[in-house]
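Take a look at the structures listed below.
In the two assemblies presented below, chain A is common to both, partnered first by chain B and then by chain C.
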Partner chain A sequence: MSEEPVAVVGIGQTKHVSARRDVSIAGLVREAAVRALEDAALTWADIDAVVIGKAPDFFEGLMMPELYLADALGAVGKPMLRVHTAGSVGGSTALVAANLVSARVHRTVLTLAFEKQSESNAMWGLSLPIPFQQPLLAGAGGFFAPHVRAYMRRTGAPDTVGSLVAYKDRRNALKNPYAHIHDPDITLEKVRSAPMLWDPIRYSETCPSSDGACAMILTDRAGAARSPHPPAWVHGGAMRSEPTLFAGKDFVSPRAGRDCAADVYRQAGIGDPRREIDAVEMYVPFSWYEPMWLENLGFADEGEGWKLTESGVTELDGDLPVNPSGGVLSTNPIGASGMIRFAEAALQVRGQAGEHQVPGARKALGHAYGGGAQFFSMWLVGAEPPTR
Partner chain B sequence: MPEALSAPLVVEFPFTRSLGPVQSAFLTGLRERTVLGVRTAGGKVLVPPVEYDPVTAEEIRELTEVAATGTVTTWAWNPAPRPAQPLATPFAWVLVRLDGADTALLHALAAPGPETVRTGMRVRIRWAAERTGAITDIACFEPYDGEETGRPAPHDGVFTDPVTGIVTPARLDYRYTPGRAQSAYLDALSRQRIVGERCPSCHKVYVPPRGACPTCGVATTERVEVGPRGTVTTFCIVNIKAKNLDMDVPYVYAHIALDGADLALHARIGGIPYDQVRMGLRVEPVWTEGGRHPDHYRPTGEPDADYDAYKELL
Partner chain C sequence: MRDVAIVAFAQTDHLRHTDELSEVEMLMPVLHRVLDATGLRTSDIGFTCSGSSDYLAGRAFSFTMALDGVGAYPPISESHVEMDGAWALYEAWVKIQTGQADTALVYSYGKSSPGTVRDVLTRQLDPYYLGPLWPDSVALAALQAQALIDAGDTDEAALAEIAHRSRTAAADNPHAQVGGPVPAGDYVVRPLRTGDCPPVGDGAAAVILAAGDTARALCPRPAWIRGIDHRIEAHGLGVRELTESPSTRLAATRAGLFRRPVDTAELHAPFTSQEVVLRKALGLDDSVNVNPSGGALAANPVMAAGLIRLGEAAARIHRGESDRALAHATSGPCLQQNLVAVLEGESAHV
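For the complex of A and B:
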C-alpha cells in the first residue's frame, strides 16, 4: 500500500517578541494552535492527535509539556506525544506528525512547538557545571564561532559575507508581521559596526532570544479536499543524526546534513535543488551558516556557497531566496525555530506569505539543525500533490 | 587502574513563570485569603483553576469564589517530610474538595498521626502569616468541625497589585560518574600526561577518551599518550564575560589537535596577544600546581603547521 499524501492545511504563529509576560506557556501555545485551526477552518474535535516539541528541559525547566499542555491543546482523549532533538526539534516534531498521517495512523494531526526564552535559561542550560570538566565557554555562539572561522579558511570567503546575510534577513523580517526583530533603520554599516561577541561572530550576526509558538495542522488527501485555502503538500521529509564529536567529523559541512538533504531530494524527485527549489527556509542562528548550509544542502558546490550570498542570489528578489521570513536571525524561540522554518516553507508554496512571498513559489525547503550540529531535519513542500 | 571518579552535580535555576489571567487571579486571591476557581460551560467549578476546559478544550475565564473549608477525598501519610515540603513534622498529603468546588486541591494536612486522618473528614485552610501570592500562602489544612457551607459566588478576579509572575526555583541533585576512560584520562592529567585511547577497529585516537569509539561502536582500551604539543586548528576570540566563568575577556578559545590525536580538544590559549593567535599555531600545555587540567596552552615557538597537515581535523 502506498503512503498517504500529507497536506499542510493550517498554520498559526504568535507574534514573536522578547517577552510575552501577558500569557502563561499554556496561553502562548494555545494562541498558535487556535490560529492554525482557524486557518484550516477546523475545530478541536477534528484533531486526532497532538505532537509537541520544545527545547531541552533545562532551558525552561518545563519537563513534561505533554502533561501540562494537554488541556490547552485539546488533547483529552487523544494521543499526545513529545519529540526531543535539541534545536532541530521543531522540524523533527513536524516530521513525526507527518509520518503519522502518511502511515494512516491518524487522519488529522496538530503539531506544535514553542519556547518562552524570557522564562528560560538557555545560556546556562547549555553550560551545566559538569564535575571534572574545565569550564571554558558559555552559550552557543562560542561553540559555533570556530567552525565559522574554519569555513572562511576552507573557502577563502571574504569576511564581509556574514554581514550581508544579517542585513538581508533583518530587511526580510520587516516584511513579516510575526518576526521578532523589526529594525526599520537597519543598514549594512550598522551590521558591520556591531561588536564582536565571539570573533568572527558579531552581535548583529547572532539570533535574538524570543518568546513564540508555531502550530500546523497536517492532514490526509480527504482532509486537504475540505481545506478552505490551498494546502502545501509534503514531497519529502527526513531526519539524520550524528555524534557531537568524533574523529573525522566535518563541522563545516556535517555528513548527517548532506545525507538528510539527499534523502529528501530523492523522495521529492529533485535532481538539481538550485534550479528546482524556489525558496528555502534554513536554520541560520549565526549569519555565516547561510553559505555553510547552501553547500551542505547541495545548493552550491563545496567552497562556492558564499558566492551565492555575495551575488544576491539569496535575496528576496534573487533566484534562490533564503529565509524570506527573516529567519532565525530575526526570530528565535528555540524550540519553535525549526517548525517556523517548516511552516514558512509551507506558507510560500501556499502563496500565503504576504509581503515576504516569493512570487510563484511552487517548491520550498524547510530545514532545521540542532545540538552540536548533530541533528538535522528537513522537508520539501510543494504547491501540487506529490506524483510519486 | 585508578578508581573511577564520582562527584555531585547540582543543577539549579530560578525559572520565572508568567501566570496569565487565571493563575494570576488564583494566586493573588490566596494572598488576600480568597480561594478562586473557574466555572466551566458545563457548570463545574474547578479548584485549582485551569485556563482551558479539560473536557471540551474551551477557554475558561469565569472566576468563582469557593469556601476555605472542605472535605478530604483521599490521603496518604507522609512519615518523613523532606526539605521544602509544607510541614517539617509528619503530615498527611490530602486531596481536598473545597466547599463549592467539584474538583480537589492537593495540599498538606496537619494531623497528629495517620489514625486521626480519614477520607470524608472536614478540614479548613490554615493561612500563612506572610502571604506573597503563591500556593504556600496556604500553610496547610487543619481539621475542622463544621458542616459544608457556602455556594460558589461569582468573582471578578480584580485585586489591587496583582501577582503576574512567580519564580520557581528548580533543583536537581545528581551524582556524576565520568567512567573508567575519563577517570584514567584525569588521573594521567594529574601527572601532567595526556593519554587517549585508540579504537581497535578504525585506529583513531580519541582524546579525551570516552571508552568507546562513536563511529565504530566498539570499546577502546589501548592507551596512547599524545602531545603534549599540538596545533591550533581553529578558534574564536571570546569577548563576553560569562557569569559562571572566572576568566577575563578577551580570551582565545581554541580547538587543538594534539600530536598523535585524531580529533581536536578545546582549551584556552595564553602567552600570546589574543589578536595574534592563528590557525596552525603550534602550542603546548601550561600546567599549574594542583590543577586538574592544563591551565591553558601557549605557543611553542615552532613554525606554524601547514594547513594541509590539520585541515582534516577541522
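For the complex of A and C:
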C-alpha cells in the first residue's frame, strides 16, 4: 500500500513578539490556528485530529498543556497528541501530523506549535541545575559556542562570517511582517560592535526570546483538491536522533543531521541539493550555524560552507536563499521555531511568502534541530505533488 | 491498515523509592529485556518512541538522557511524546502504518518519588483559573467519586470491593507495588479512602511492535492490535459530566471494541471510582476479567501506567490466557483523555 500524499493547505502564525501580555496561552495558540483555518477555508468541524508541540513545559510552568488547550484548539471529542523533541519539536510535530494523513488514519489534521517565553526566563530554563549539568553553562549559547569555535578552527573561516549571517537574517526579517525583531536601522557595523555574549557569539548573533505560535493544516489528495490556494506537497520527511554526549560525537557536523538529510533527499529524489532546492529555512539560533548546517545538510563540501555565506549565495537574491523569513535569529518562540521553518518552506513553494518570496521557488527544505545538536527533523516540500 | 502486533513487553518492579537509580538506570534493564525477548538489537528497530514528563523529573529535556539507555548510535529514527507511553505506542503504530517502519521500540518511565505527585499534577490544570487553587489529583478524583455515589452508580462498599479485587489479583503480579490484603483505610479525601487510591511509585515499561510476518517471526503468539483510538474531552471539570466518559466510549467504538466481546480488560483507573466510570463507558460485564494484573491500584508509575495496561493485555495474549483483550490508558484530571486498544491472538481472528 502506497502512502497517501500529504498537502499543506493552511498556514497561520501570530506576530511574534517578546511578550504577548494581551492574550492567555490558549488565546495565543487559537490565534495561529484560526489563521491557518482561514487560509485553508476550513472550519473546526473539518479537523479530524490535533497534534501539538512545544519545548519544555517549564517554559510556561504548565505541565502537559495540551490538556488545558483541548478546548481552545477545538480538540474536544477528537484525538490530540503532544510531541516534545527539544528544539526540533516544531518540525517533529508537523511530521507526526503528516504521518497521520500519509497512513490514512485521518484526512485533515491541525498541527500547531507554540512557546510563550515571557511566562518565564528561557535562558535559565535551559540551564539545568546541578547535578544534571556542570555549573557556568548558562543558556544554549554557553553550550553551543565551543562548537562554533571548533568549526572556525577546523575550517579556517574568517571570524567575520557570523556577522554576515546575522546582518542578512535581520534584513530579511524586515520583509516578514510576522518576524519578532524588526530593526530598520540595522548595519553590518552595528552587528559587529554588539557586546560579546559567549565568545565567539555576539549579542547581535543570537536568537531572541519570543512569544508566538505557528499552525498548519495538513490534508490528503482530496483535501488538497478543495484548497482555495495552491498547496505545498510533502516530498520527504524524516527525524534522526543521537545521544547528547558520547566518545566520537561530532558536534560540528552531527551524523544524525547528515543521515536525516540523506533520508529526506532519498524520499524526494534529490540528487544535488544545492542545485535542486530553491530555498532553505534552517534552524540557525546562533549565526555560525548557517555555514555549519550548509555542510551538514549537503549544500557545501566539508569546510566550504562559510564560503557560500561570505560570497552572498545565501542572501535573499542569492542562488540558494537561506532563511528568507529572517529565521530563528529574528524570531524564536522555541517550541514553534521548528514549525515556523517548516511552514515558511511551505509558504515559499506556495508562492505566498510576500515580500520575502524567493521568485519561482518550487522546492524548499524546512529544517530543525534540538537538544545537544542531537535531534533533527526535516521536510522537503514542493509546488507539485510527489510523483513517487 | 497493516496488521501490527505487540510482540514483547517488559516492566520494572514498581517501587515507592528508587533513589539509587537514575531514570536511565531504571529503564535500561527493561529495554534489554524486550530486545532480548525478540533477539533484536537497537540497530534493527525501525522507529523508537517514548513518553515521559519533565515535571516528574524536575528538569527540562529529561528524556534526552534516556537515549543513552537506548544506545542511539548510529543515529535512530526517534520521537518523544510528553504523554503516557500509551500515546508513544500510538505514534509508533501510526509510523508503522505509513510503511516507513516494520518494527518499533516504545518505552516510558516515571519517577514520582522525588516530589509530591499530588501537587505536581495540579500543574496540569488551567493555569489561570484552576491551577492557582492547587486542587490535587485525589481531591479531583474524590469529586468524581462523590458524583458517582450521588448518581447511584456506586457506593463506598462497592468501591472497597474494587480495591480488594484489584489488590488480590496483584498478589500474583511480581512487579506490583501493592498486592494482597490491603485495608480500606481512612479517608484521604472523602469519599475516597487510602485503599481507593493508587500507590505512589517509580517504574518503567517497554514494548516492541512489529508488522505482519515480522511479528510472527519474533513472537509465537503476537498480540495483534485490531483497533486503537484516543479522544480528549474538555478540560474544565464544570463542563463535563464526571460520571460518564464519552471520550472512552468514542475511542472504544472507533477501535472496534463493540464488534465482539472481549475476555480481558486492562483499565487504567488509578482510583476505584474511575473503574466504575470506565466499565459503564465500555459496557463491561462480569464475564470480563478486569485488571488481572491488579491495574493502576497495584502500581501506578505515572507516564508508564497506561503503556503497562497495553503490555499486560498483550502479555496475556502471548501466554494464551486471552484471545481478545481491551487495553485502556488515561491522562489528565478525572479521565480527561482516553485511549482504547483492542488486542487479539491469531487463533481468535479467523
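In this text, the second predicted complex is superposed on the first by the 384 of 388 C-alpha atoms of A that agree within 3 Å, B and C clash if a C-alpha of one lies under 4 Å from a C-alpha of the other, contacts with A are read in each partner's own complex, and residues count from 1 in each chain.
As a convention for this text, a contact is a pair of C-beta atoms (placed from the backbone, for glycine too) under 8 Å apart; a residue touches a chain by one contact, two chains touch by 3 or more.
If you're wondering where the values come from, they're calculated on a predicted model, not measured in any experiment.
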Worksheet item: After lining up the shared chain so the two structures overlap, which partner does A:D71 touch, if you call chain B first and chain C second: first, second, both or neither?
Response: both
Worksheet item: Counting only touches as set out at the top, which of chain B and chain C does A:P195 meet: first, second, both, neither?
Response: first
Practice prompt. Please work out whether A:G61 is in contact with chain B alone, chain C alone, both, or neither, and reply first, second, both or neither.
Written response: both
Item to complete: Check whether A:S24 is in contact with chain B, with chain C, with both or with neither, and answer first, second, both or neither.
Response: both
Item to complete: With the two complexes superposed on chain A, say which partner A:T187 touches: chain B (first), chain C (second), both, or neither.
Response: neither
Worksheet item: Touching A:F246, do we find chain B (first), chain C (second), both, or neither?
Response: both
Worksheet item: Taking the superposition as given, does A:M80 touch the first partner, chain B, the second, chain C, both, or neither?
Response: second
Item to complete: Return first, second, both or neither, reflecting whether A:T160 touches chain B, chain C, both chains, or no partner chain.
Response: neither
Worksheet item: Both chain B and chain C touch chain A; at which residues?
Response: 24-25, 58, 60-62, 70-71, 76, 125, 128-129, 132, 243, 246
Worksheet item: Across the complex, what residues on chain C touch chain A?
Response: 2, 48, 53-55, 59-61, 63-65, 67-68, 72-83, 87, 90-91, 94-95, 97-100, 120-121, 123-128, 131, 229-236, 246-247, 250, 331-333, 336-337
Discussion item. Help me check something: in the complex, which residues belonging to chain A touch chain B?
Written reply: 20-27, 30, 44, 58, 60-62, 70-74, 76, 116, 118-121, 123-125, 127-132, 134-139, 141-142, 145-150, 153-154, 195-201, 243, 245-252
Discussion item. Touching residues of chain B toward chain A in the complex: what are they?
Written reply: 5, 7-11, 13, 15-21, 23, 50-57, 59, 164-165, 168, 170, 176, 178, 182, 186, 199, 202, 204-206, 213-215, 233-240, 242-245, 250, 253-255, 262-263, 266-268, 279, 292-293, 307, 311-312, 314
Worksheet entry | chain C contact footprint on chain A (complex, rising order) | 1-3, 24-25, 55-64, 66-71, 75-86, 92, 96, 99-100, 102-105, 125-126, 128-129, 132, 238-244, 246, 254-256, 259-260, 371-372, 374-375
